[in-house]
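Next up is a structure, given as structure tokens.
Per-chain residue numbering starts at 1, and chain names A, B and C are given in the order in which the chains are listed.
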Amino acid sequence: MREILMRPKVQIGAFILLVMIAISLCAPLIAPHDPTASSVMFLAPPGADNLLGTDELGRDILSRLIYGGQSSLIVGIGAAVMAAIIGIPVGLVAGYLGGRVDLFATQIIDIFIALPGLILALIITAMVGPTLFNLVLVLGFVSWPRIARLVRGQTLALRESVFVEASKAVGARADWIMLKHVWPNTMRIVAAQFALTVAYSIFTSASLSFLGLGMPPPTPDWGAMVRSGFDYLAMNPGMSLAPGAAVAATVFGFYLIGTSIK
Amino acid sequence: MLTVIGRRLVWAAPNLIFVTVLLFFSVAVFFGNPAALMLGQDATPQAVAELSHQMGFDRPVVTQYLSWMGHALSGDLGRSYTTHQTVAEMLMRSLPVTVELAVLSILLATVVSVGLSSLTVGQRVIGTFVTVLSIIGMTVPNFMLGMVAIFIFSVKLGWLPSVGWVPWDHGLLTHLQHLILPTITLAAYYFGAFTLVYRAEYQAVRERLFVRVARAKGLSEHRVSFRHILPNSILPVITYIGISLGQLMGGAVVTETLFSMPGIGQLFVTSILSRDYPVMLAIGMFIIVAVILMNLLADVVYTLINPQIRLN
Amino acid sequence: MTTTFEDSRVLSVEHLSVSFDTGKRNTPPVTVVRDVSFSIGKGEIVAIVGESGCGKSTTGLALLGLNPGSNASVKGSINLAKKGGQTVDIVGLRERELRRVRGNDVAMIFQEPMSSLNPLYTIGAQIEEALSVHRRMSSKERAAEALRLVSMLGIPSPAKCLNSYPHQLSGGMRQRVMIAIALSCHPGLLIADEPTTALDVTVQAQIVERMKQLQQETQMAILFVTHDLSLVAEIANRALVMYAGQIVEAGPVSDLFNQPLMPYTQALMRSRPRLGDVRHRIKPIPGGAPNPAALPAGCTFHKRCEHAVAGRCDTQVPSLETTDDGLRQVRCLRWRELRQVPQCAPVLQGQPS
């Protein structure tokens, strides 16, 4: 564990994430203005009072940027948790029981992995309506197959080695050692995939918001901010580029962590 | 070999049926009675019931599904609520836009990632730079990349237009000029993905004995790279290309929206936002079927290319 | 098929050393081959024998300039006779020149026939590729020559073989194809790096037979790298015994087997199982091969040697000395003393000790 923390990739990723999480948690303390308070000063350029300017309803962009992280992180992490809640048990059962159960599960997993996540999310979000909770569910549903597949693979490997050991009549000791070594490895792989799932969920939820299917206003939402800022790109590029960069940075952070825990 | 392809086809059929049924039922359940949607909120229950009956929405869902599938397979995909054109027409018009964008993007991504990687594997500084570029391509969302590209090349420099598509009759060069930014934006993600896969494979293949044997024959490094290492490393990329093309059939959604391109992705989103049930259903089906078929095609192509599988 | 040389030597290696950078800072490079010198005459078969890790494969690779990676540094000189009589020093040779030599004046076959061939191309294509590098032939001529080479190696259904892919052939057939590729441009020297180690014993015998036949016909020199002493006895004229990167004994095979002078060679002879001699026990050599990054002081073999003398063998470094008749070389501090005492039974006659 300590060795993992020493790697530069992990350190950079963790640093970015800690900054993001800290900002989101301390939003009420840091944000200069109320993110949902509209005013007559709309589309103001960046100035002393509004460091990034104001949007088309006169709201302070910087405050909205700071608060925007909250929903992104909740959706991202929530979705990954959801995916794990569904995926890990499915993978375990499929890998452990084998046979027809496994065949059936693999078919379903393969189908869902093949479908593009954004399309699936679009369809389902359109059906159930975009709220924070629904987004968590939808994105979790989109991501569970990958985790299930990973866990299934690990379970299969574990099952085979346990059987091999048993047949060698070495005794319970070997099995226990196998569990001690194989299980932590599995945990690490699942943790890596968890981080990647958070990255993917934030990526996808931002895309959904950009397309108009994100959290309803007035909740500050990075993807939606990018969309509304697009029309004013020439006037105040920060209006779009800042939230866009925020999404990119967060995704990048989780991605770094996910790819370096191996 | 034909048996392998045949077997894959046989397996694909139940997948297709399963997914299309699932989609149909979900849409039917969640969107409620389309007749009610069409007539609006003030419609009387009677009017809704009448329209339902007229359009066949009061039949059991299974019948509706079969009827829809039957119509679809003969080319009738219904009529849009909002534009009142046939869905088939709308699909046919937007398909070329998406296909062109998808093919060009994948082509660009493949050429750049394979070319760049083949030339820079083993060189530490440039190699790391390429890896970083590919990570950026994969993690930065398309709308951000596209936005930055538009900001730099369209707003600030004025070199390229920010709208992605003009009809062919405006001239070939103009048409292509408008496609530059969206193609690069879309290609970025795939460049990232392909590069990571290809580099890993390239480094592994490089260590294999037949590469050393090729050098021992007196072949130049150039020939060893391109005739021995590349063909062996590119196999996983080819499968990935097939899968990516499938995903792009409907997945270029964000890029098309950002660059106002009248492709399938944009059509899909618009139909969702405006609750245009027939269009949404038809496009959704199309996308899912296209994805499954493209995956199958990718599988088949891989089988054909790899002699170890082909001749067993 | 015969080529003429003005000088009767095909290869002359002088003070060859190969070391690898460990990649870690503050650690010196590891020297895997140390001050190796030997020569090979035209038509000679010389074997390099030793345990794994003694540097024999690295030596073989160095002769083609094929040491892997940019972290290898090669010192000394490797003088190879080219066709047409000139000699060229492989060490420090530019890549373009090296390419002209590889396959053409010196060729190599490797240990793993399973992975020596590109899985995506047919056998015929790969043989013709070798031909196209150094010989000017039309594509019809190449195809015919490929067929001839493959038949010459004793491959059944040669035409079918040419159209097959590597995974469709057995290990023995693939190794024959490798030999065909190596011989395709008539090199003066063939380096065979454990070519039969990965094959069944019966296939091994066939390949060795075929190699001996070909060698007789072409008068090509062979450097045979192996750890198998029986192969050395069967095929080689001379042998070089390597240990920890150095040559520790060299000489004609019959002399070496009849009276090994260096304790390591003696130990190697004794550690082989011999058919028919029930009373003779196999004596394995105690300990393991030394780590090239941490070699013992003095004679590198002293810790495992049954004749080691404290105070001498662990402090003095033996040099390679030549016997009075000039035919053999030994690297041992005590070889003259030990020579008086008969060490082990003459191997070639199979008499009990």
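Operating definition for what follows: a contact is a pair of C-beta atoms (placed from the backbone, for glycine too) under 8 Å apart; a residue touches a chain by one contact, two chains touch by 3 or more.
The model shown is predicted, which means the values in this text are computed figures rather than measured ones.
Undergrad: When A-B is set beside B-C, which has more C-beta pairs in contact?
TA: Of the two interfaces, A-B and B-C, more C-beta pairs touch across A-B.
Undergrad: Taking each chain's centre as the mean of its CA atoms, which one is most distant from subunit B?
TA: Comparing chain centres, C lies farthest from subunit B.
Undergrad: Just curious, how far off is subunit C from subunit B if you go by their C-alpha centres, in Å?
TA: Distance between chain centres, rounded to whole Å: 55 Å.
Undergrad: Report the inter-centroid distance (CA atoms only) between subunit A and subunit B in whole Å.
TA: Chain centroid spacing, subunit A to subunit B, equals 22 Å.
Undergrad: Specify, in ascending order, the residues of subunit A that touch 2 or more different other chains.
TA: none
Undergrad: Mind pulling the residue numbers of subunit C that touch at least two other chains?
TA: Answer for subunit C, listing residues that touch two or more other chains: there are none.
Undergrad: Spell out the residues on subunit B that touch subunit C in their complex, using ranges where they run on.
TA: Per the stated touch rule, the residues are 208-210, 212-221, 228, 231-232, 306-308, 311-312.
Undergrad: Quick check: in the complex, which residue numbers of subunit C touch subunit B?
TA: Touch list, subunit C to subunit B: 64, 66, 68, 95, 99-104, 107-108, 110, 112, 115-120, 129-130, 133-134, 165, 167-168, 178, 181.
Undergrad: Under the touch definition given earlier, write down the residues of subunit B that touch subunit A in their complex.
TA: Interface residues on subunit B, with respect to subunit A: 15, 18-19, 23, 26-27, 30-31, 135-136, 138-144, 147-148, 150-151, 155, 243, 246-247, 250-251, 253-254, 257-258, 268-269, 272-273, 280, 284, 287-288, 291-292, 295.
Undergrad: Residues of subunit A touching subunit B in their complex?
TA: Checking each residue of subunit A against subunit B gives 107, 111, 114-116, 118-119, 122-124, 126-128, 199, 203, 206-207, 210-213, 223, 226-227, 230, 233-234, 237, 240-241, 244-245, 247-248, 251-252, 255.
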